[in-house]
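A, B, C and D label the chains in the order they appear, each numbered from 1.
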Amino acid sequence: MSTDKTFGDYGGQYVPESLMPAIEELTDAYERYVLDDEDGFMDEFRRRLADFGGRPLPLQHAESLSARYDTAVYLKREDLLHGGAHKLNNALGQVLLAKYMGKERIIAETGAGQHGTATAMAAAHLDMPCEIYMGETDIRRQRPNVFRMRTNGAEVTPVTTGRGTLKEAISETMRDWATTVETTHYVIGSVVGPAPFPAMVRDFQAVISEEAREQAIEKEGRLPDAVLACAGGGSNTMGTFAHFVDDDGAEPRSAGRSSGQRRRDGVDLYAVEAGGSSLSVDEEEGVAPNSASLSTGDEGVLHGARTKLLQDSHGQIMESHSVSAGLDYAGVGPELAHLVDEGRVEAVNVDDDSALAAFHRLSRDEGVIPALETAHAFGYLEEHHDELGDFVVVNVSGRGDKDLETVLEETEKRDLDVAPDISVLRSAAGEEGM
Amino acid sequence: MALERVFADEPAFVPYVAAGDPSDEASIEYVEALERGGADVVELGLPFSEPIAEGSTIQGAVARALEAGMTPQRYFEFVEELDVDVPLVCMTYYNLVYQYEHPETGESEAVASEATSGETASRGPRAFVERAAEAGIEGFVVVDLPAEEAGPLRAACDDFGCDLVFVIAPTTKGERLGSMREQVSGYVYVQARLGVTGAREDVSDRTEQSLARVADWDVPKAVGFGIKTGAHAERIIAAGADGVIVGSALVDIIAEGHEDGADTVAVADRLEAKARELKEGALTGARRAGAETR
Amino acid sequence: MSTDKTFGDYGGQYVPESLMPAIEELTDAYERYVLDDEDGFMDEFRRRLADFGGRPLPLQHAESLSARYDTAVYLKREDLLHGGAHKLNNALGQVLLAKYMGKERIIAETGAGQHGTATAMAAAHLDMPCEIYMGETDIRRQRPNVFRMRTNGAEVTPVTTGRGTLKEAISETMRDWATTVETTHYVIGSVVGPAPFPAMVRDFQAVISEEAREQAIEKEGRLPDAVLACAGGGSNTMGTFAHFVDDDGAEPRSAGRSSGQRRRDGVDLYAVEAGGSSLSVDEEEGVAPNSASLSTGDEGVLHGARTKLLQDSHGQIMESHSVSAGLDYAGVGPELAHLVDEGRVEAVNVDDDSALAAFHRLSRDEGVIPALETAHAFGYLEEHHDELGDFVVVNVSGRGDKDLETVLEETEKRDLDVAPDISVLRSAAGEEGM
Amino acid sequence: MALERVFADEPAFVPYVAAGDPSDEASIEYVEALERGGADVVELGLPFSEPIAEGSTIQGAVARALEAGMTPQRYFEFVEELDVDVPLVCMTYYNLVYQYEHPETGESEAVASEATSGETASRGPRAFVERAAEAGIEGFVVVDLPAEEAGPLRAACDDFGCDLVFVIAPTTKGERLGSMREQVSGYVYVQARLGVTGAREDVSDRTEQSLARVADWDVPKAVGFGIKTGAHAERIIAAGADGVIVGSALVDIIAEGHEDGADTVAVADRLEAKARELKEGALTGARRAGAETR
């Protein structure tokens, strides 16, 4: 774990001056409590992750998928974490840290509502007042999560600027923070933002791969050939990769290995981005119909860090798009961008159709309903399973309950042979809402 | 280095508007009106899609300007078209600086998905400052560029004889003050309160404390964030500032005019009047300060 | 664990003749695989509960509630089980058993949709075709769960008889079973039905108290003074009590002990039923505005067993009512009825209002959103905490995500001071459905 | 024991209807029409709110009867009002037997929430059979009461000289057959197919196998489940049955009449005609069986 502010060319602290002191204070707290485990912080964090969060979580052998792909496929079950996604690992860590720092209030942004929900839960658990900024559009798309946040006692403040999604919510939360920075901690929801957030969030999420690595050895007697995780900001991604990053092989890696050709001596890491409906962009409208910043973006500065971005030729940030709200972000964590540049992580993507089909496939064949975000990783597995070796671990970053509305709508638009007929829902319920 | 001159004789009035808000034509009129009203320096915003330090007023200005087609290239042409004598400072966010490609020394514009990145002579801070200086910009405020990350831009400013202004927040303390003091030139932007831009009904008590923290710096101190009236300006100057920076109170006038469909001349007149009120307030403040301290 | 068909006067096998052979076959399979662990059945069950289900699950110290009640309150976190409720313990056990028995198809009934969801998940996991019967009314109330079942590949068949809720769904599933009994296993969703179901479901659910008992000793160095669980059919209840039943004290128990008076030498067991809107009944309409069969019902025969029932003076079964669909059942498990008669378990109840307030309280103060069923147990804790001793374990039988719609609606009807203002949901989303 | 008499000379036709469907008055007419049509025994359903062994046809009958106010007490009065000579069998579910309180020997009816439970002389199977016998019922089929749980009811039947009919399903085998053989009296109800009640288009092939399983029992064998036409009845009797039990095919006529608002006499006529068809079929079957086997 490093306290460097940068990862190669990426990272840094590009924030308004009023936030800098808070970021320095946070850096100090991160070093003391997280890295040096002062006052037993990490013990308390781990204890709460276990008792409140439900860790450790299983690495499950996926029998149907393994048969389908003739490969040992294992699922890292972050969907079983309290709240239904990996997000609580980070939220609990940060809210607890805020408590150690003597902060009195928590703010956070949320897109899919998963980070907001996790933060609201952690704040309720630790008795901290909490306010969540959420784009108006996302509030509409993710009503169940809004309800959960309110139920957990958090304020949910609609953000009406721009398209009303995650990007705008982050900007608005930063504005709140600039005003309240002395008493308030901003719980950033992914490995993005100014240092030390990317490293700190990774460290809180690293419990995923800490467990998975041990479990892999326990179950198969060896390390996996490939590890897959979806990537929005990249927190489940970095969490799933962290303890495998050093398990690199010697040979240089090349894309498009076919079965048998793949190196046996390293763990390949795949960050699966949202290819949306297309990888091309509409420069005129400032819209990218995808969220594949690692695959198609270029370097720039957003929300406090230098990283890969979806931007137009002038440097204006584009509106990203994905069927999954949680991947719908124009940036990505700087460390992940760096690992991709280094060749340690392969940046890949699948489109909305593939993710949706994978959602239905995993649900039907394994009895595990993944988040649409997660489904992207399984879309990649479907398309490229013969290039991934004999032992593949996929992170199930979250469960799909939250995606009901979207999946219904998007499935209806398509002709997916794996999708169930859901007419019973319509006929019995008439045209009522969910 | 040159910007310091405008604070030398009397307190400076430093208005902010977003270039191109709500249209290029109107915006040019407005800047000129501000000069007529007594502006000593104009902070001219180059709009960025994610204005994380702005309150809703300036967010609105930025959105209108972007909607009307403002781009960095267009911005410099805009500056060249302006007929003002007062120095201009470009206020923006770092990604636009970082991504900037000089239209002559750089390659032709490439769409984002094809563009190669990284700084070169023809791209990034150096290219940006070069083009800005050509257009007549004398200084920069880059809202999300703290001193720690400012090296490349500072170097470019040095090469082209421009000033780099930093913001001191009420929370800025200790070591960080030192590194900013080293790099700052033109003036220091003293942020009167925590939070984002936006006109307020009162003057923050923290202004004096912030001013005290930079009292012995050898650059002029301009105070901004929340200043709305001549009385505010007077109080700020009386408290020891060398200038007042006013953005949202002016943008409010532009926004109102835009919404009401008022004609450009009428809005320009209102801006000029508001500028005069603020400049007068600053001058009164200076007299009060002189009376009190001398 | 017993293979007796009765529990005192309760239990038995009151089913149509065509089902009797299947019930005998099941009894045989239960004895061989579950009780005698033939062919490693129980090992496989436990392994799948761990890998697929996420067990063991925490016994969490509830800090806010403990402070509120000046009592050590612990939460047994069944809400973290895959699917979001304790139901999977049983569903997985039965679907696996059906597999061992060579059955080719699974059927089940569902009320709240939690048992149907759990069964559909288990069936998908174990690759068994699955059909779920669900009352039309419940399909409307529980759309998200219907979606989950369909997504997991289960057929969902609406039941249109009667009020279209759980009672009718059970009857309809029995009809299917009577037709298909040779190839099909009926996964009953609670400790109800003909023997061996009540004992078998209890055994599958007993993992709850097996863990909780150990965890209690680990965390507090002793057994709890009281254990609380909500009771519909009573499966989470019996699962939570099973390993504590023998931890009885010597003295006879009496209702209404006040603090300090309670015996120190036994674990008191509280089954909290749904008091609904009132404990009285409308004999004319055949409607009980509650589901408190242990508290207010009397002996009778329903769905295969002799037990306590809500019935009119002629023996016609009444329509039960509860704000929580999962407790909305006119019967209760025969073993639980017996333990209540014996005085080993105390049958208590709280009304809809109390459950709803408890739902909001637990969500806000602990960051754990309980199912409305579960909330009844916390309602009782709120009302009677000073009679329960110094160390109380409450089973969190499920999570409340499924209850969104109901909670919104029911909260709006009431004036609950613990409920959040959810106007952000309405204003941002307009009048659209969830 | 007495019921066996009706199977002695010729194959018996055993119709089922739910008492009180769709009203007491009509239902009385219907039962009497069935007798006119040739019924040898009538299985008269006492409706229970959870008819788990019935298909949708008989569920409908039960719902109509309950809706019209049928209760166990009313049921016995209904039986007393009937003007038929053929024996009557009460078909019901066990909870109604279990809960039954004799109106004279028992206490006054108590509402469920106050009622005390448990069997006594005035409550439960004994009270139920006593009252049934008084009203003229000669036997019982309790759908959800397997032989294993039938002890108390069997004893009561013995005391009051009634028969207790059990159902043999296609799945009934081995030991269970033995215990049923011991307890059964009147006739054995041979379930022709798996599943629930309901008229079908064909006769199950499993009927013969089921009949074979009870061939050496010394009670008459009546086959039911799915029998709809005279041709079905013929085939069943030809296969060796002593009687045919027909419910849904008759209830369908009642249901249709109820929906169409047909008058009671017209429906009764249709029932009588259907009964005649079934009885005729049975008689033909007996002749065929006689010709084939003798």
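The definition used in the following text is that a contact is a pair of C-beta atoms (placed from the backbone, for glycine too) under 8 Å apart; a residue touches a chain by one contact, two chains touch by 3 or more.
Quick caveat, the model's predicted, so the values are computed rather than measured.
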Quiz prompt | Partner chains that chain C and chain D have in common | solution = none
Quiz prompt | chain B and chain D: spacing of chain centres that average the CA atoms, whole Å | solution = 95
Self-check item: Whole-Å gap between the CA centroids of chain B and chain C
Solution: 65
Exercise. Indicate the whole-number Å distance between the mean C-alpha point of chain A and the mean C-alpha point of chain B.
Key: 37
Exercise. Would you give the residues of chain B that are in contact with at least 2 other chains, written as numbers and ranges?
Key: none
Practice problem: Mind pulling the residue numbers of chain C that touch at least two other chains? | Solution: none
Practice problem: Considering only which chains touch which, label the overall pattern as line, ring, star, complete or other. | Solution: line
Self-check item: Touching pairs - complete list by chain label
Solution: A-B, A-C, C-D
Quiz item: In the complex formed with chain D, which residues of chain C make contact?
Solution: 12-18, 20-22, 24, 161, 167, 171, 174-175, 178-182, 279-281, 283, 286, 288, 296-304, 306, 309-318
Quiz item: Contact residues on chain A for chain C in the complex?
Solution: 50-52, 54, 57-61, 63-64, 77, 79-80, 82, 84, 120-127, 136, 139-140, 143-144, 146-148, 150-153, 156-158, 359-360, 363-369, 400-401, 404-405, 407-408, 420-422, 424-425, 427-429, 432-434
Quiz prompt | List of chain B residues in touch with chain A within their complex | solution = 48-55, 59, 63, 66, 71-73, 93-96, 98-101, 109-113, 115-118, 143-146, 148-149, 166-173, 176, 191, 194-196
